[in-house]
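Once you scroll down, you'll see the structures, which are given as C-alpha cells.
Two complexes are shown next, each including chain A; its partner changes from chain B in the first to chain C in the second.
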Partner chain A sequence: MSEPELYWEDFEPGTTREFGEKHVTREEIVDFAKDYDPQPFHLDEKAGEASILGGLCASGWHSCAMLMRMLCDGFLLKSAAMGSPGLDEVRWRKPVYVDDVLHVRQTCLETRVSKSRPEMGLVKFQSEVMNQKDEVCMISTGWMMIGLRNPASRESA
Partner chain B sequence: MSEPELYWEDFEPGTTREFGEKHVTREEIVDFAKDYDPQPFHLDEKAGEASILGGLCASGWHSCAMLMRMLCDGFLLKSAAMGSPGLDEVRWRKPVYVDDVLHVRQTCLETRVSKSRPEMGLVKFQSEVMNQKDEVCMISTGWMMIGLRNPASRESA
Partner chain C sequence: MPWFEDIAIGETTDLGSYTFEADDMISFASKFDPQPFHIDEGAAKASAYGGLIASGWHTCSVWMKLMVKTRIAEKARNGADDGSPPGGPSPGFLDLKWPTPVRVGDRVTYSTEVIEKVDLKSRPGLGIVRSLNKGVNQNGELVMSFIGQGLIQKRDHS
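For the complex of A and B:
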C-alpha cells in the first residue's frame, strides 16, 4: 500500500464538497435486489409502478452501497481511513430509478481525536446522494475513523 | 403476487424474534467489496490483519445488505411491506469475518398509523445481527412502512 494523501487533519468542519458520478443500470438494480432485497418493487417494473415508489427502483441498501463506492473513489481510498463505528441517521427521501445518474454532496460536520486511540481521529460527515435533477435521494450522517498525520504534535500541544 | 400473510396489525411492540442463518463466504465478502467498498481490509487478509479490524472482514454495508436479506426471508416477503423512510441508527460493533454464520434478533419497538396515508402503518424495529458466538456484530434501528389489514375498521374506531 502506498502512503495515504489525506489524514484526519485534512477534514475541516463546515466544508462541503461535491463529487462522484454513478450511472444506475436496470441490471445492477435487479442483481443487487436478487442477492439482498428481493422485494417486488426492486425486481419488476409493474410491481414498482403499482407501489408507492412509482416504478422499478433501487433497494435503499443499494443506494447506501453506491454512496460508499463514490466515497471510496472520491477520497477514502487515498486517505488513512480505518473504518466506521456507525451512522446516526439514514433517510431515503426519493427513489433511485433506472438510468438515474447519482453524485455525492458531502459536508464535514465535526471532528475529534479518539480518547482511547490518540493516533486515530473521528470525522462526522453528512453525505447526500443527489440525482441528475439535483434532488436529494438519500441522506446519511455518520462517523468515520481516520488516522492522524502527526499524533505526537497534538499530544504535546 | 399472492396476498400478504402479515399486515401492520401483526406487529406488537415489545416482542422479539430470532431468525435467519447466513454463512458468510470469503468470495462474497470480496465480491461485495470490489463493487462497493474496495478498502484494503475488505479485500485482502494481510491488510485486514494489519488493520484495527483484525482480519479480512465484510464491509459494514455488506452486513446491512445481509441483514436485509434475512429480514426479507424471515418475514418481509410475506408481509404487506411498502418500503422504509430510513434508519435512526446503525452501529457496527464487531467485524464480520470469513465463515461467520449470522442470524437476526429483531425487536418491535413501536408502531403507529401514517397520518397522511391511513392505509399504511409504520413499525419501528431494532435489528441485531449476531454471529455464531452470539456476539452482536451490528445493530440497526429504523422504520418500515407496512400496509394495514383493515384500515376502515380503525377509521371508524
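For the complex of A and C:
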C-alpha cells in the first residue's frame, strides 16, 4: 500500500468541499432493498407512488452506504483513515429516487487528538448528500478517526 | 406495524441473529466502503484492527434486514388484513455508535426497545416513536447501537 496523502493535520475546521458524482440506478436501489430493506416503496414503482415517499426510492441505509462510498473515493482512501466511532445524527430529508445523481458537500466542524491514542486524531464532519437539483437528501454528522502525520511533534507542542 | 397508541415504552423485541462471514463482509465493503481493513485480509492484519472487520454500515444494514423480517413475520401471524397501518418512513436516527468491531465469524444478535413517543403538533395523524436499537456479539459485547425514529400513524385523531 502506498503512503497516505492526507493526515489529521490536513483537515481544518470551517472548510467545506464538494465532491462525488453517483448516478443511482433502479437496479441498485432494488438490489440493496432486497438484501437489507425489502419494504414495498424500495422495491416497486407502484408501491412507491402510493406511499408518502411519492415514488420508488432508495433505503435510507442505502443512502448512508452510497455516502460512505463517495467519502472513500473523495478522500478517505488516500488518507490515513482509521475508521469511525459513530455518528451524532443522520437526517433523511428527501427521498433518493431512480436516476438521481448525488454528490457530497462536506464541512469540517471540529478536530482533536485522541487522549488515549496520541497517534490518532478525530475529525467531526457534516456531510450533506445533494441531488442533481441541489436539494439536500441527507445530512450526516459524525466523527472519523484519522492518523497523525507527526504524532511526536504534537506531543511536544 | 402497530398503531402509535398501541406501542408501549419499554417494549423490547428480539430481532434475531446474523453471522458475518468473510465473503459477505468483503462483498458489502467492496461496493460501499472499500477501506483496506474492510476488504483485504492482509492489509487488515497490518492495520490497527489486526484483522478484517465489517463496515459499520453493513452492521447497521443487517439490523434493518432483521427489523423488516420481524415486522413481516408479525404481519403474517396477525393476518394480512389485520387493519394495522403500514410501517412509516423515518426522519433519521441519532447517536449511532460502533463500540466494538465486527470480525469474521461473529454472530450478532439484534434488538429494538421503545424508549420514547412524541406527538406531532404539525401532523395530528402521526407520532414519532424513538427506539434504542442494539447489536451484541457472541461475547456479549455491544457492536452497534443507535436511536431510531419512526413516523407512526395514529388510530384516532381529530
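Everything below uses one rule, namely that the second predicted complex is superposed on the first by the 157 of 157 C-alpha atoms of A that agree within 3 Å, B and C clash if a C-alpha of one lies under 4 Å from a C-alpha of the other, contacts with A are read in each partner's own complex, and residues count from 1 in each chain.
Keep this in mind: a contact is a pair of C-beta atoms (placed from the backbone, for glycine too) under 8 Å apart; a residue touches a chain by one contact, two chains touch by 3 or more.
Computed from a predicted structure; not experimentally measured.
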| message | Looking at A:W92, would you say it contacts chain B, chain C, both, or neither? Reply first, second, both or neither. | response | both
| task | With the two complexes superposed on chain A, say which partner A:G60 touches: chain B (first), chain C (second), both, or neither. | result | both
| message | Between chain B and chain C, whom does A:G142 touch in the aligned arrangement: first, second, both, or neither? | response | both
| request: Pick one for A:L102: touches chain B only (first), chain C only (second), both, or neither. | output: neither
| request: Using the touch definition from the top, say if A:D35 reaches chain B (first), chain C (second), both or neither. | output: both
| For chain A, which residues belong to both interfaces, chain B and chain C? | 1, 35-40, 51-53, 59-61, 64-66, 68-69, 72, 76-77, 81-92, 120, 142
| field | Of all residues in chain C, those that touch chain A in their complex | value | 31-37, 43, 47-49, 53, 55-57, 60-62, 64-65, 68, 72, 86-99, 101, 146
| message | Which stretch or stretches of chain B touch chain A in the complex? | response | 1, 32, 35-41, 47, 51-53, 59-61, 64-66, 68-69, 72, 76-77, 81-92, 117, 120, 142, 145
| query | Which of the residues in chain A end up touching chain C in this complex? | reply | 1, 35-40, 51-53, 59-61, 64-66, 68-69, 72, 76-77, 81-92, 120, 138, 142
